[in-house]
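Same chain, two partners: chain A is paired with chain B first, then with chain C.
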Partner chain A sequence: MEENTVIKVKNLTKQFGAFTAVDGISFEVKKGEIFGFLGANGAGKTTAMRMLTGLSYPTAGEATIAGFDIYRDTEKIKQEIGYMSQKFSLYEDLTVGENIRFYGGIYGLSDELLETRTEAILKNLELENERKTLVASLPLGWKQKLAFSVAVLHRPQIVFLDEPTGGVDPITRRKFWELIYQSAEEGITIFVTTHYMDEAEYCDRVSIMVDGRIDALDTPAQLKVQLDAVDMDEVFLKLARKATRADG
Partner chain B sequence: MRTLRFLLEKEFRQIFRNPAILRLIFVMPAVQLILLPMAADYEVKNVEIAIVDQDHSPMSRELIAKIDGSQYFELTEYSDSYEKSLETVELDKADLVLQIPPNFEKNLIKENESTLFIAVNAINGVKANLGNAYLANLIRQYNMEVRLEWMQLPKFNPFPMIEITHSNWYNPFVSYPLFMVPGILTILLTMVGGFLAALNIVREKEIGTIEQLNVTPIKKYHLILGKMIPFWLLGFVVLTIGFLISYLIYGIVPVGSLVTIYVFAALYLFGILGFGLFISTLVETQQQAMLFGFFFMLIFILMSGLYTPIESMPDWARLIAELNPVTYFVEVMRMVVLKGSTLHDITRHLVITGVFAIFLNGIAIWNYRKRG
Partner chain C sequence: MNQFIIFVQKEFKHIFRDRRTLFILLGIPIVQILLFGFALTNEVKNSQLVILDSDKSETTKAIADKMIASDYFDFTGSIAEGAEMEPTFKAGKADMILVFPANFEQQLFQSNKATIQLITDASDPNLANTLVNYASAIIGDYQQEMLEGKSLPYKIETRTRMLYNPQLKGAFNFVPGVMAMVLMLICAMMTSISIVREKENGNMEVLLVSPLKPFTLIFAKSIPYLLLSILNLTSILLLSVFLLDLPIRGSIILLYAVSILFIMTALSLGLMISNVADSQMTAMFIALIGLLLPTIMLSGFMFPIENMPLPLRALSNIVPSKWYYSIIKSVMIKGLGFFSIWKESLILLGMTMFFLIISWRKFNIRLA
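Right after this comes the complex of A and B.
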């Protein structure tokens, strides 16, 4: 394979008892790409993502993340990835500065690096005056932007975003995507799940999961042509309608 | 090591920012140490007694004066009708009724024998029994005095008598706080170690940050140590506050060395933190953790010999008590504080607690999976 393939997945499967949550998915993601990972609720997105981030063991199949095998090298993978879960994952009872310091610290950043990156993040998010503010008192949109900045604080090769923009207004989402583009330009690969089809349009390539399988994978433009759809909404509906699995 | 430093820094920030935990740490020992020993007191004083004197003789008055003068009894009713006295029992104003029948003195003098009647309000069984025993003792003493007065003492006592005298070792005044306070300290430590640590970890599960930590390169043992060390230290803070309070309020100074207690507490806390960690791996929400904790705390407290001696438990209960880590801490506390036992004396307790610590931490770590 080419040098710049950072995620390589082949027949990855996860079973919970008799239930196959992820059913032999295969795909590749290139360095610096924004990869949209779409699917209805219960299609298996989060399960797939949990396997790729080392939170869950696959039942079968292979995958390498940043060149490391997800069975053998989980600890090495962890240094190379960032993760932002749909559950908001900063500490509400710590200040903005303390959160950055903590997460940077456990990734092994030096004190000098911690300081320069903290300042850079605060400046970038226009939070300079909020360094000593408790995260609990920030608006949700700011928390999400801060969570993203913290997830890429250690300059990972890949960042996994699990529905990062749930519950915020379109303007805030737009700003959030500006951050994503910023990171992609710096060479960080973005692997993102979302339910917003306008966000899917922002992605370089999009895969759509239906019932644990990947039913479509291409650029948004190509998908629209293939499925004869005017926008991604229609693409998604045409594919997701085939689902037999119950929502959940 | 650097990772651990950041974990500890974060943990302490959160603890000191949480007013509820701080209040718990400082107020809980104070309230428990002040209230429990005073309230849960086995020593019975002020037994309320109603006396029915139907004799009105010098002897009956002499007996009554003796009872009234004793520190154990409080005369709440003096009448000549038994029915009237029973009414005071019904109103809960008397625990005992002593009836001195008519002709008490006359019979005693003429027939060398007389009868007294004691009725006991047995709703509070402990108080009633002890009151009964005290009263019987008083009457026996009075009886002796009467006999001595009347009898012409021969050279040899025709009635050989064995009199029992006793002295109380280690707790000469049978002070209840001295017995209870060291025990209550163990419960406080168990709560801080077992409860707070478990709640803390489960809280991170609930808000989802534990998952965030699990995708970072943090090592499992760093994470566990980062959670244990703060509560381990808090345990010592609580223990120290507890000893200060028991000195200030009850004037309790351990006969033995504090070092012995702290060495044992260090090991004990390690074990009980493992227990808290184990609970946190079993549950998903703080509510579940609370219920689990409550269930175990009740068993820990009631089956530890803190309130009821283990020796008087049935065999099966004794087995549970022996499997209860708190039992050993309660024993060590009492041994060191009251008797002045040394590290050498508590070797057995140290070994058993060490085994508990290894076992509890073992199952906790085994059950704590970073990947599902």
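Right after this comes the complex of A and C.
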């Protein structure tokens, strides 16, 4: 394995009874890379992500996350990854500061470190005056940015984002992506699933899943050349059209 | 350990910030005790008593006084003759009329036998029945006092004693019932709702991806409700003792110990529900229908289990509240010690273990 490969997946498979949700996928992600994980609903991307984050056991295949085996070293992997779900997963009835403190505490950060990082996050998000504001009263875009900052609070090697920007406009999405770039520059690897093709353009490399398999994997520019498409939208449509599996 | 404390703090914040729910949680036991104690009671107090005394002797006066002195009857007037009875009832001025025939005292002392007539308005049969029972008991008491020190060898007397609850207080029945109900409701329902809320809001996935142990999560979730339940238990007991004059005859420590055991049972049930339910609404309905309803119907506190058909009697054995109810009655009202309730306690302990094992297995399967 190369020194700077942080995710290595080989023939990873997940079956639910007779149904093969993920059908022997293989790929590698490098340190600091922004890896887009695309696919239509039901293509298997959520299942694949659940296996990589330790929420689900694979039926077959191998994978290492930050050098740790996903079968044997699940506890070690947990310290090295961050996760943000589509529901942005902050507690609405806790304040901004309390949410940061809670998740920091769960990852075992010391009070001192927590205080420094809390201030850094608040400054970075321009939320200095909102520390004691309940999360419920923040706009959705801010909640998502805060959730992302909380997901990388413990400085994981990899952060998994499951459709992190659902329900917001392209401008707010763009601002969210500035945060992602910031983290990638700091060396955090970003593994992101999305529905939005404008976001796919922001990724370093993109994989597109169709019917449980990875049908394409390259930089957005290369994919457009390969499939003779003007934008990622067309790339996606050309590949997804081949899907035989029902939407769902 | 630090993770655990942080998690418990967070849970308390959830509870304290939701003022309305907190208010309901702490208010439920108080409202229920007041409701059962004063509104939903089958005790009859201050019924209207009218007296027709044709004898006007020392004895009749003494019996009448004793009646009036009791809580159950209020003296609302005398009438002079039988013809007045009907209009008195019709005017709603009497629930019961006590009739002493002429020469009552004379007959009592000469032949040792005299008759008092108790006439009640039986349009409400339950009320009439209850009043007759009260009156007979009071008259019986009087007779007892009169006979004290004298022996009448040929007299056959019937003596009824209402053990443990001579005044037939309803509170002896419903206080343990309310305890079972409140603990079941708060522990099982609130824990399951609070765990399911984490699932619903997507927090659960994030927590499972984090280094937090599922055990810590579940343990931290149940601690606040355990404390809240102990608080509620205390408020129920205080209300019962000081407001309803209910004695606690057994050991208070034992009472708390078995209650904590029952709280554990309820918490493990809550855990099991949270494994099955995907939304807070579902969790609430499962708790209400699956736990609260059996507690009310099958624990013996509203309806006597002895009178139920066999299938229901058998079914009542798997209702944890039934065992808790029986334990509380033994400890609190009969004043029995641990050796009389170990069997029931063991059953509760067994049920708790069973529910915990099932939940734990389901929890792991869900993750796979």
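Heads up, the rule we're going with is that the second predicted complex is superposed on the first by the 248 of 248 C-alpha atoms of A that agree within 3 Å, B and C clash if a C-alpha of one lies under 4 Å from a C-alpha of the other, contacts with A are read in each partner's own complex, and residues count from 1 in each chain.
Simple rule for what comes next: contacts are C-beta pairs under 8 Å (C-beta built on N, C-alpha and C of every residue); 3 or more make two chains touch, one makes a residue touch a chain.
Because the structure is a prediction, the values reported are computed rather than measured.
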Ask   = Taking chain A as the common reference for superposition, should the pair chain B and chain C be classed as clashing or as fitting?
value = clash
Request  = Check whether A:F27 is in contact with chain B, with chain C, with both or with neither, and answer first, second, both or neither.
outcome  = neither
Message = Is A:E98 touching anything from chain B or chain C once the two structures are fitted on A? First, second, both or neither.
response = both
Ask   = Taking the superposition as given, does A:Y196 touch the first partner, chain B, the second, chain C, both, or neither?
value = neither
Message = Output check: A:K78 vs chain B and chain C. Expected answer is one of first, second, both, neither. What do you get?
response = both
Ask   = Counting only touches as set out at the top, which of chain B and chain C does A:G108 meet: first, second, both, neither?
value = both
Common interface residues of chain A - those touching chain B in one complex and chain C in the other = 53-57, 75, 78-79, 81, 83, 85, 87-89, 91-94, 98, 101-103, 105-108
Message = Per the contact definition, I'd like the list of chain A residues that touch chain B in the complex.
response = 53-57, 74-75, 78-79, 81, 83, 85, 87-94, 98, 101-103, 105-108
Inquiry  = Show me the residue ranges of chain A that touch chain C in the complex, using the header's touch definition.
reply    = 53-57, 75, 78-79, 81, 83-89, 91-94, 98, 101-103, 105-108, 151, 160
Note = Seen from chain C, its contact residues with chain A in the complex are 2-3, 6-7, 10, 13-14, 17-18, 201-203, 205-212, 367-368
Ask   = Within the complex, which stretch of chain B touches chain A?
value = 2-3, 5-7, 9-10, 13-14, 17-18, 207-209, 211-218, 371-372
